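Below, chain A partners chain B and then partners chain C, in two separate complexes.
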Partner chain A sequence: MSNMTIRQFVGQRRGHGGRWHWTDIATWIWLIGGTILMFGPALWLVMSSFKSPAQLAEFPPTLLPYAQETVMVEGYDDPLPLYTARLEDGTTAELAEIRRIGTNSQMVDPADPGTRIDVNIADRTPIRSIGFATGNYVEPLVANDFPRFLWNSVFVTVMATLITLLTNSMAAFALSKYRFRGRDAVMLLIVATLMVPLSVILVPLYSVVNFTGLLNSLWGVILPTVATPTGVFLLRQYMLTIPDELLEAARMDHASEWQIYWRIVLPLAAPALAVLAIFSVVWRWNDFLWPLIVLSRRELYTLQVGLNSYAGELNVQWHYILAMTVVTMIPVVLVFVFLQRFITTGIAGAGIK
Partner chain B sequence: MVTAPLTLLARIVDPPLRLWQRWTGLNGMAAFFLLPNMAIFGVFVLIPLALNFVYSTTAGTNILLRDRSYVGAEQYARLLDCANYLEPLTCREDQFWTAASNTLVFVIFQVSLMIAVSLITALILNREIRGRSFFRAVFFFPVLLSPVVVGLIWKWILQRQGLLNLMMVNLGLEPEVWLNDRFYSFVATIGVSTWAHMGFYTLILLAGLQAIPKDLYEAAEMDATPPTRVFRRITLPLLGPNLAVVLVLALIRGVQIFDEVFVLTGGGPGTSTLYLTQYIYEVGFASLLRNPGLAAAASIVMGAVLVVLTLAQLSLSRRSERAGER
Partner chain C sequence: MATLSLKDIRKSFAGIEVIHGVDLSVKDGELVVFVGPSGCGKSTLLRLIAGLDRPTSGTIELDGRDVTGVNAADRGLAMVFQSYALYPHMTVRQNLSFGLENTRMPKAEIARRVDEAGRMLEIGELMNRRPTQLSGGQRQRVAIGRAIVREPSAFLLDEPLSNLDAELRVTMRAELAQLHERLATTMIYVTHDQVEAMTLADRIVVLRGGRIEQVDTPLGLYNQPANLFVAGFIGAPNMNLFPATARDGQAELPGGLRIDTGPGAARDGKVTIGIRPQHMHLAEAGEQTLEGRVELVERLGAETVVHAVTAEGTTFVTVLAGQPEVAMGDTLHVTPDRGQVHVFDADGQRVARD
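For the complex of A and B:
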């Protein structure tokens, strides 16, 4: 075993090609195993979300969703489920079931709808093919309070992100481009509160929100989250790199301070604003503990709180929960597919989350 | 298109702001730009921070301060009253001590696992492999998922008819009801939270690895330095600041663990996965005999731990910075 390859494994990159070394094999086992472990659980959830309730209760579960085949038989309004049945004379036939009475199943040959055949239910097996129970998605979308939750989540996410971008960028502008007394103190205060997580101030924050009359209102979810120290910090660091000469030139041309902020600094800070916007969308979409506390009226629940309440019901309807979880995942998966690069560079640069 | 109303709004607010600027000068403008953020910040962060101490010295079930009575340090006394601190059940507030000791054990195992797994992954992603950016993204995927979704995904896998039991049966083993078992539930909370967050720490460590100058390794190669020593003498020390950040961030997050565990196990079975934040939530809001004062006192105790951890991070990173200068 050569020293070179181990060194490359523990310390740095593999610099040259050549034969496979055990560290290469270990690397690929880790990467492929990791890929399965990271994506597998979510994929399993997506596949399960297309299964019918009966299929979800089966053990062992199948990997893919299956649906029982049905057939239209003359003289019956609804499609009838198809079975392979073993008849009394020992032959098998594909029959459609009309109804089940006790351990007996009344069946009919689709080609010959006139004659009924009685079969013991032990002697029939359903004919299934891959099929998607799309009802899991459609039914909650039209019937339950799910659309409400979805709308609440969208509203909270969009509003909180817009307000975050505006207020944080204004504060960052003041902290990076003006010299005034107490500026360092303000900055220190903001950075210090990075240490104050929500879970430490739950009780008094609830009392403040209660006092301001925002309890059981979506604004009670939005407002406490928008003055993010992370956002102010990130934007300030970026705005510090914008040369002051640009601002001076604009002042020569009688631009107001507001115009300088709006027409010069904001467009130049667009990359940082984009990173903060992505973060804010993911944060607010995923928020759980605070909405759980502030919102006690069901019609105000966000998706996360709604999902939790469905999962906590006595009679858990997994087929709906799985489908709604998938819907909840969609925006985040879109962010992952299209914007993941911005987030990873943001984290690597500033260590924020 | 989307920006049209915004542009209009920006134009409308300009004339009054010009007046304000002429009247108060640049200092007044600085105040104007700071005001919205600092007002929200003050009302929803600073005031609650101060109020927390007030709440922790009062008693009653009502959240309104005027309906609460001052009791001094009684809530703290109740919280810390213990016959034997190593045995949570001998304490007056046994739930708090159970939650605290659960959190301690959880943090020790979860943070060790987290650092081991993300360090290995970062070292592997630092090699020149095909599709590196793809794999970097792969490990980051669960970080974006909401904790509720994470909890539900794993609850679905660990349930009686779940994927894990399918694998157990295929391997010829007995299926289990994992989340009904105290030990397995505890292990599940560690594994699931590591699964969900390791990508974040991997990124920080990977950034640190990529910042290490390559010529150091080339020099070591020329001297035929043994690889283990290269790792100990070059990689680890130069990765030090990033490792310190990862350690403390993981500790801080670990102490506050709530969302995914709450959805996955609900703190159970029994109190086997009851952690501090859930204790605060239940005492302050969820239980019938809610006690906001006690919850505030508990959250101050937890906050003190977090402050100590953060200060430790600051001094650690300062020390490693100084070491880097030398």
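For the complex of A and C:
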């Protein structure tokens, strides 16, 4: 099994003698369908982000981004778009379009710039090749406040995640490893807040943030979100699996309660912390409603709020939105790629028998 | 170096008392073994001594100082846990030095002690490995090493060998005995294995149901068990116990064997006669005998274990030297060795007959 090639592995079938069993077919349909369902929109997004505004408006849409080929013609300052045109005598030629008048197109042969040819627009097709409209990325990144938004988002995400991990793990440590009166009640209360959605507490939360002077400050975005019931619950359940004997051994080893938490419990809870870190990064990075409410000055916008500013009342700049959405996705994808192996590695319990 | 004394220690969990007033004193340098069936409170007692739990009442004294309210770390004791409780995310060296670092000991001194423990326990080459990369025996050594480096006044060991396979257990047992010899530190050792208790202990504390049944040297327990429980618990195979009725200081066993029950408490009434399987021989002509039908014969070469049942239905086991010709279904006649018969009164207490 171990020295099986990828081809052999993928080609495995349940049917005997290399024949197809109906479950093989069902599995393939299911997996391919699932892949399309999951990756299709993301792929579409990435491809579309390289399209020019004109091509985005095109119908029927294409998957790949195309750019029209252009040519410099003597006597014209700008490059002219190239078309394949069918002439009146039935022959076809590659011509450059000067301008369009009604249903007619004035064209010119790049080899013979002196002669103008009139062609009906139905008789010409654009010459296109795959091309990437990188300007979609470059322009907002250079000209607009996008780097500023990016920095704000990174700051909010990193700080919120660090504080979330610290406070939630401390709460989880106390709730899993100490026995005190009312512990279960506290736990129940924390878990119960899972059922309260943000929209319910939006107004009171806004009042609190306003009262504490955190309005229009990134800390106003960070602080209200750091205490998550999900995080406390997740970490507590994991910490319950860390044997008490380890803590007792540490206690015999002159470790203070803080050292037990910092040097024993935290390292052993690393897999759960990684999961929570992934969650927290994704939550904070994708957060839209709360930053939109707290932040009203443009230089404080996070990416998600900034993206929203490309959608004006009259004009939506789809090409920028698509490109910047891709940029916005990259960090979340990277975090998942690098942290996901932590999820599968459990190291606690290894020292115990 | 420490003397330890427990005075009327009681412990309750959720209102249920599990230790019912234990008094014990341990001399300096002594290896005391707590032994008893599971649930007898031996581990609980050890945790009370360690300071991991607090007694409900009673006092614990170390070197004459009352430490009942003192934290585990400040009692100067070291504990080896049944599961070893090695920190899985630290290397062996980090495991050993963790406790020393916490006391802000100079680095050079930590390194010296860790290296010395590594040499003593032959785990020097494993210093950079993690507990997961060690075998059971190696983990056991690291756990002991972690206790040694702290140079404690006493070691507390909670069933340290129970996770090892039988062969390794014998080797580690011998090593522990040597270690105690070399360090000459007070050790309190908890086990449910009477062989470990017998081979290691200077004194054994037999516990049952949260009470001390008897405290004595291993041979003292074997030769003069204080009551039926100790008699049955110590020694393998178990001591044979025959219920009998005494009249005028005499009890009769099946087959006509008469036992002198002495002038004291067991002169009349119900008694129990105890004879160890090893303390019987095949009856010679003219001797009073114990009679039984042979049910099973186990030939081990050097000795033969014979299981028999008396006419009254009491089964007994006898270990006969060599390879006597005994077959299943035979009627067995055996005689107890002189002075090797134990008599217990109706309450199960030993009756002194001398």
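Just so it is clear, the second predicted complex is superposed on the first by the 228 of 353 C-alpha atoms of A that agree within 3 Å, B and C clash if a C-alpha of one lies under 4 Å from a C-alpha of the other, contacts with A are read in each partner's own complex, and residues count from 1 in each chain.
The working rule: contacts are C-beta pairs under 8 Å (C-beta built on N, C-alpha and C of every residue); 3 or more make two chains touch, one makes a residue touch a chain.
Keep in mind that what you see is a predicted model, and the values were worked out from it rather than measured.
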Partner touching more residues of chain A, whether chain B or chain C: B
First (chain B), second (chain C), both or neither touched by A:250: second
Touching partner for A:222 - first (chain B), second (chain C), both, neither: neither
Touching partner for A:286 - first (chain B), second (chain C), both, neither: first
Which of chain B and chain C A:269 touches, first, second, both or neither: neither
Chain B versus chain C as contact partner of A:107, first or second or both or neither: neither
Touching partner for A:56 - first (chain B), second (chain C), both, neither: first
Chain B versus chain C as contact partner of A:259, first or second or both or neither: both
Residues of chain A contacting chain B in one complex and chain C in the other: 256, 259, 347-349, 351, 353
Contact set on chain B toward chain A in their complex: 10, 13-14, 17-18, 21, 26-27, 29-31, 33-34, 36-38, 40-41, 43-52, 54-55, 63-65, 120-121, 123-124, 126-129, 135-149, 152-157, 160-163, 165-166, 169-170, 175, 195, 199-200, 203-204, 206-207, 212, 214, 217, 220-221, 224-228, 230-231, 234-235, 245, 249, 252, 256, 258-259, 262-263, 266, 276-277, 280-281, 284-285, 292, 295-296, 299-300, 302-303, 306-307, 310
Interfacial residue positions of chain A with respect to chain C in the complex: 243, 245-246, 248-256, 259, 263-264, 267-268, 270, 347-353
Residue numbers on chain C that touch chain A, as the complex places them: 50, 52, 71-73, 77-79, 81-89, 98-99, 102-103, 130-132, 136, 139, 146, 150, 163
Of all residues in chain A, those that touch chain B in their complex: 3-4, 6-15, 27, 30-31, 34-35, 37-39, 41-42, 44-45, 48, 56-61, 166-168, 170-171, 173-175, 178, 180, 183, 186, 189-190, 193, 195-197, 199-210, 212, 223-224, 226-227, 229, 232, 256-259, 261-262, 282, 285-286, 288-289, 293, 304, 307-308, 311-312, 318, 321-322, 325, 328-329, 332-333, 335-336, 340, 343-344, 347-349, 351, 353
